[in-house]
Amino acid sequence: MTADHHDDDHGHSHEHESAHRHPPRADLDDTLTYYRAMEIALRELLIDKGVFTADDVRKQVEDMDRRNPAQGARVVAKAWVDPEYRKLLLHDGGEACVVAGLDRGPYKLVVVENTPDTYNVIVCTLCSCYPRWLLGLPPDWYKSRAYRSRVVREPRAVLREFGTEIPDDVAVRVHDSTADMRYLVLPQRPAGTEGWSEDRLAGLVSRDAMIGVSLPRRP
Amino acid sequence: MARAEAVEPRFQPGDRVAVRIAYPPGHVRTPYYVRGKAGVVERLCGVYGNPEELAYARPGLPRQPLYRVRFRQGDVWPDYGGRAGDTIDIEIFQHWLEPSP
Amino acid sequence: MADHDASIDPRRAHHDMGGLPAGRVEAGEHDYALWEKRVDAMLILLSSRGLMTVDELRRNIEALGPDAYDRMTYYERWMHSVAQTMIQRGVVSLDELGRKIAEVEGRADGSR
């Protein structure tokens, strides 16, 4: 995979004018672009009008900062060790989150299971819908033109670009998250992990495996 | 004009449905690539506010049944290069769906 | 290629890109800047207070038009959209937002 850091909505590469489209620099927050000024202005106006407080904003940022793929990995690992939990996760993803001590989330969670003959991959072609309460904010590539355009049309080729080769006898199932559902892939448990604890198993579950572009790490 | 609060679901899992061919010039959540295509209802997700109304700061009524519909990739793309068993599941609101033979 | 005509079909909105040809997926990412997280936070706070919906967010982004959509970054599009929605809803006026932006830009001490 490339080390490119674009929020890349272009199908081709060219020189970008704006500094903030490149890998983050120490002074990123000091560059007052028009939209940065707009953010400050609107936030201050809304605080002045009593819509919310500065503290509300700070807490919301902190809450989002706390969310990361480890939460999703927990429900996957739990499903791997507990067949009853796996059934619950596939039947009622939100309830399964609650059982694991996590937030139910603002949307209905549909968990799709990889099997020996089915491989799942998630996209939102229309924007960037993503199970944020379980995985944190989505990576730039998930929101990119290239991914959103191509993974529905040529999923196997896109998976190959992530280093994931799906054999001919396995069906690829794409899920386009167009409305009120949010999706998580339940990957297959890697071989050679018999007797592992949930915590140890969770360490094998990457964010990309729960989106479906990668397999879980091997032991 | 009074509006019904919600529309009754008319489809069940396993029903064959086709996506209406229409191109409304505004906010819709039925992707262009699936309009006119036929698939099978995989599940009823629930009944939700209509995004085409919510997007214009209206209450989203009547609430519409939302389905996951499974399409064979070979039926969606004329030159699909994957395998025959490959599918794509898309959430589609009932008012975009018609029964299909 | 069969898609060439589809890509210039005026009935296909610019954001509705599923199936169009595109380049390689560049699997990099960036750490979100604080201002970007604040835009995100504002959307969540406003929608929990019933002052905005994610549907309006999307619609105002989709209304940007192809050049702006491609040129702007993800959170620039969000920021534009949140501002447009607040104006549409009458929570802020265009005039007061414009004045406030000018005031922010004019702050010599960079306070924000």
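Residue numbering begins at 1 within each chain, and the chains themselves are lettered A, B and C in the order written.
In this section, contacts are C-beta pairs under 8 Å (C-beta built on N, C-alpha and C of every residue); 3 or more make two chains touch, one makes a residue touch a chain.
From a predicted model like this one, the values you see are computed outputs, not experimental measurements.
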Using C-alpha centroids, which chain lies at the maximum separation from chain C?
-> B
Between B-C and A-B, the pair with more C-beta contacts | A-B
Chain A-chain C separation of Cα centroids, rounded to whole Å | 20
Quick one: report the Å distance separating chain B from chain C, using the average Cα coordinate of each chain.
-> 26
Shared-interface residues of chain B (touching two or more other chains) are 31, 33, 51, 77
Touching two or more other chains in chain A are residues 125-126, 152-153, 176
Mind pulling the chain C residues that touch 2 or more other chains?
-> 16, 18-19, 58
Would you pull the chain B residues touching chain C in the complex into a rising list?
-> 23, 26-27, 31-34, 51, 54-57, 60, 76-79
Along chain A, where are the residues that touch chain C in the complex?
-> 1-13, 18, 20-21, 23-24, 28-30, 32-46, 49, 51-52, 56-57, 60-61, 64-65, 125-128, 137, 139-141, 143-153, 158, 161-162, 176
Which chain C residues qualify as touching chain A in the complex?
-> 15-35, 37-42, 44-46, 49, 51, 58, 61, 69-70, 72-76, 79-80, 82-83, 86, 91-92, 96-97, 100-101, 103-105, 110, 112
Flag every residue of chain B that touches chain A in the complex, lowest number first.
-> 29-31, 33, 45-46, 48, 51, 66, 68, 73, 77, 80-83, 85-93
Using the touch definition up top, name the residues of chain C that touch chain B in the complex.
-> 2, 6, 9, 11-13, 16, 18-19, 53, 55-56, 58-59, 62, 85, 88-89
